[in-house]
């Protein structure tokens, strides 16, 4: 697993504008932004985010086998129901910016811009009308964005069709749990060597119907973290019922505000959290009404000490590239 | 940090019945159950869950400083609003068993059974009417149930009142992320040596208003995991909008079904996930409409190999203590 | 495992003078010196070695079962032969300061100062004449000084006599591989909870006649190291034949000279290497004529960055207590 | 760092015969032997050593800058002195098979078979007469065989001549500390991406004259080990004075005897110890007369449980390829 070739030793991280897909913190960062990363072996650094340099957790964001026709229909149905529900009553969808059309709550099939490979054009047009978009992960795997699917991992994917039709892509030089920037991790052109085996009736035998995996042992490993907590109370002080989404958002916002004290802008901090191998944990999910999520940021990715109490390390650290054009 | 004394070298894990507080998987495990654990140094094992034996991740579930009167009122207000909302429209509360009164969505102050220490009885009665229940974590910390607050951690708590009034308790010999059994971890009588320092205006200076911490380096560390994935589609096939709570529940259910294939009962598997240092991660939170949560179960806690493909290790492994009495 | 009681939360490290036992680097540090350490939980720091503070690798330096009479006689014979050989021809003993009487090459039994417990005085006198001194480790374990025998380790000791007569002591709050200061690690008063089991004919069954062990998982774990190399060429430039002793000494001397550039004295550096969980490895033992030993010093034990290139961190850091009295 | 190309996804491990270079355990394994390894990503396995499969610790055994003429002469002089001393009095060389001519105690320059690159033939002949053989590591680095110089490491080599003349090679897919098989590790054809920087007067500034390095963070990491001890008493019962070479040999022999109980032959066990990322430590170097060296063998490299007490895992496991021809 590595950069595709000698001309691919770079990557980028983007924040989408709210009108262009948004993201986990789009209410706080509605504007598009970008950082460019240099990839040096597995080590990454960015001209836009000084004093951050680390060995990345490389992985393909996307991997899995093709769904059966039946499974595809299940996906399309259940996602359309969500879209319909949202249209009928926007307030009924928790954690979506209420009343906003953008970003959509799901992305139905579309013929527009569909990548159908070498299919006959007519057949492709038909297929695109019902083919699943690759945005979300689903029972087959797909756009998992699980940072731990790194080098030397073994993944067990369900097989739905003759031949499996395995695909893999969306390479990330590194990512933090959640890929909170959306676009996201350090996006790169990459390759992977993959070895295949087949377990007959494997899913049935093991009692599962989603992918399971055994992560590799290739690090990077960190020894020191600063960890941030969030609970399921919104930024406006509204109490939510054990809502881990809100809890994780609050933990991420705490981390961003913390990093700003060392001289990073909010967008830089967002790009740091989206790309360094930060651990986002479901720390507590039973102590009603508050879920507790934590975000552990490895100290070792910084070239200065971000421990509490070291605020003298504060410095002007520039910014990522921010644009006002909502469709960039 | 360790057992309180020589007579405290044991602990227990309980599943609450739905009528008695429930828990993360109460719809699937509505009946009360219990397992007893022996604590041997930091190593734990249970007569009710054979072939599981590991060095636990010991920590206090609860720690923090007393809130100010103002903060306390904020808590009571926002939690009461949630209770009121639930009463007015049960369906408006995501992830609560709709239409069910139990478990409550939050626990308002009560004089019944309040532990008020050495307060004058009359004053205690008054105080109990508004004193925060210790169930959830809040801005001051409290019942965090963060497994990573283990030996040699440094925690930065906000101080709200003169003298801080720090308290700590709810010892766990070990716990998995989420404490999904609710009661939960391996509950034990314990002690901790704590050292205090004070940073003036520390929260302001660091841009945070929740606790932050630097975890210790005392393990246990594991090398091999089986990891399970869940997405925000309910057991009934309903598509939720990036709902990490649902995603984590699905990942946990996958793990339970997997462990059953090796001969554990569902309740045993639940108690395993609630107590071993499993990592519950917010792996993806932006790929609409599916959140992706993962649960990484360390192989090293088992005395046999739970890797995929080793189903010949299946054996009858008994059960935890299960009761039909809903109030046990 | 921990300090013996509330009054035991301290330890010390000593360099012996050459006339009083010497040590690994006695030619370079012939004078006695001492540092005092505070023990805070498992975290240690010393008033004599500023800017060093870390979670120690606590362990008993000494553990094992009593030898049989036959084994004891074997020990006494073979060690006396070495003493005799040294007396007859000092130059025949590699790695001993040639021509020096002190330190001795081995320590034969002596009645002087022998600690014989509750034995009858006359029997004690007789026993002391042949009882093994506890300085070296031998087939039974003994004064192993293996830092990795820390919390939650399982050790398999040979049993030679009815009842085993297990003993354990020489507590170290932390130590680097080799205990190169000799006295050595952070010496402390401690306790350990030990659990016993018996494997009949265990040594025979497993093909070993020395102790074997499974180390615990309790860290501390470090992520970053500066590693130093040494080869089997003496300080005077003499080529030795794959001599790992010389190679390790050279690696340690490199590390000491390196640490001096940051402002530590040589004795401070020696005490750092003797106490922090440094990894001393037999990296190469076949590339004639040079053995290659390495010493990996964990960066995390320092409160400043000791990475190459950060010499601006140099500061006056005082010194340990050094004495001129050769018998102190 | 990885295999050179698609046709290089294999490696080999060899034991040299005593007449052909020998090795660390040549007295115990005087016969040549070989095992072939398949390299799959970073994961290795051998048809000759069943039930062993692991992620290797890939590294170049050899790296460094060219010596100055002056340094080269120092090497040649000091190594010749050792050769002369051996010839004059074989018994004066500890740890060499006394009285044996083979293997030599060092390898002086030779024109026979010298690889002189594109040099003019006549100049090459002259150069070969004094050029250092690449067998041992020396002050410039060279054939270090340090397993920890793996992916993402930073090494600081001394520069002796204009242009440095850096070279790197001898790729190992994996190796245990000491490379005790001599030939040794899993030898492979590989490539490495290397980035260069220059620190002016770096060695002087940092107080060192050998290479130093910061190891990478790319694992593999292991959680469980069986560790073996050795002391400086020879197989024949002769007491040596803190002789770490003997101590490590004894620890390795203990491990080999242990592995034989699980059904491996001695040669297989030797090849296991030479190739898996085993940790060989200088555990004690001051407790006269015994050095204590330990060898920690990671359990995770085996596909069955090699913990003490699991001897029921014993099976016939074949053998490596052994030859009687002493010059193979």
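Chains here go by letter, A, B, C and D, matching the order in which they are written, and residues are numbered from 1 within each.
The rule is short, and it goes like this: a contact is a pair of C-beta atoms (placed from the backbone, for glycine too) under 8 Å apart; a residue touches a chain by one contact, two chains touch by 3 or more.
All values reported here derive from a predicted model rather than from experimental measurement.
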Chain separated most widely from chain D, comparing mean CA positions: B
Contact-richer chain pair [C-D vs B-C]: C-D
Separation of mean Cα positions, chain D and chain B [Å, integer]: 49
Approximate Å spacing (C-alpha centroids) for the pair chain B, chain C: 43
Distance between the centres, which are taken as Cα means, of chain D and chain C, whole angstrom: 26
Residues of chain A engaged with two or more neighbouring chains: 217, 221-224
Parts of chain D lying in touch with chain B, wherever the complex brings them together: 221-224, 300, 305
In the complex with chain B, residue positions of chain A that touch it: 23-24, 74, 78-79, 81-82, 86, 93-96, 103-107, 135-139, 141, 143-148, 156, 177-182, 184, 199, 202, 205-215, 217, 223-231, 233, 237-245, 248, 250-251, 254, 257-258, 260-261, 279-294, 296, 307-309, 311
Chain A-touching residues of chain D, taken from the complex the two chains share: 40-43, 55, 151-152, 193, 195, 216-222
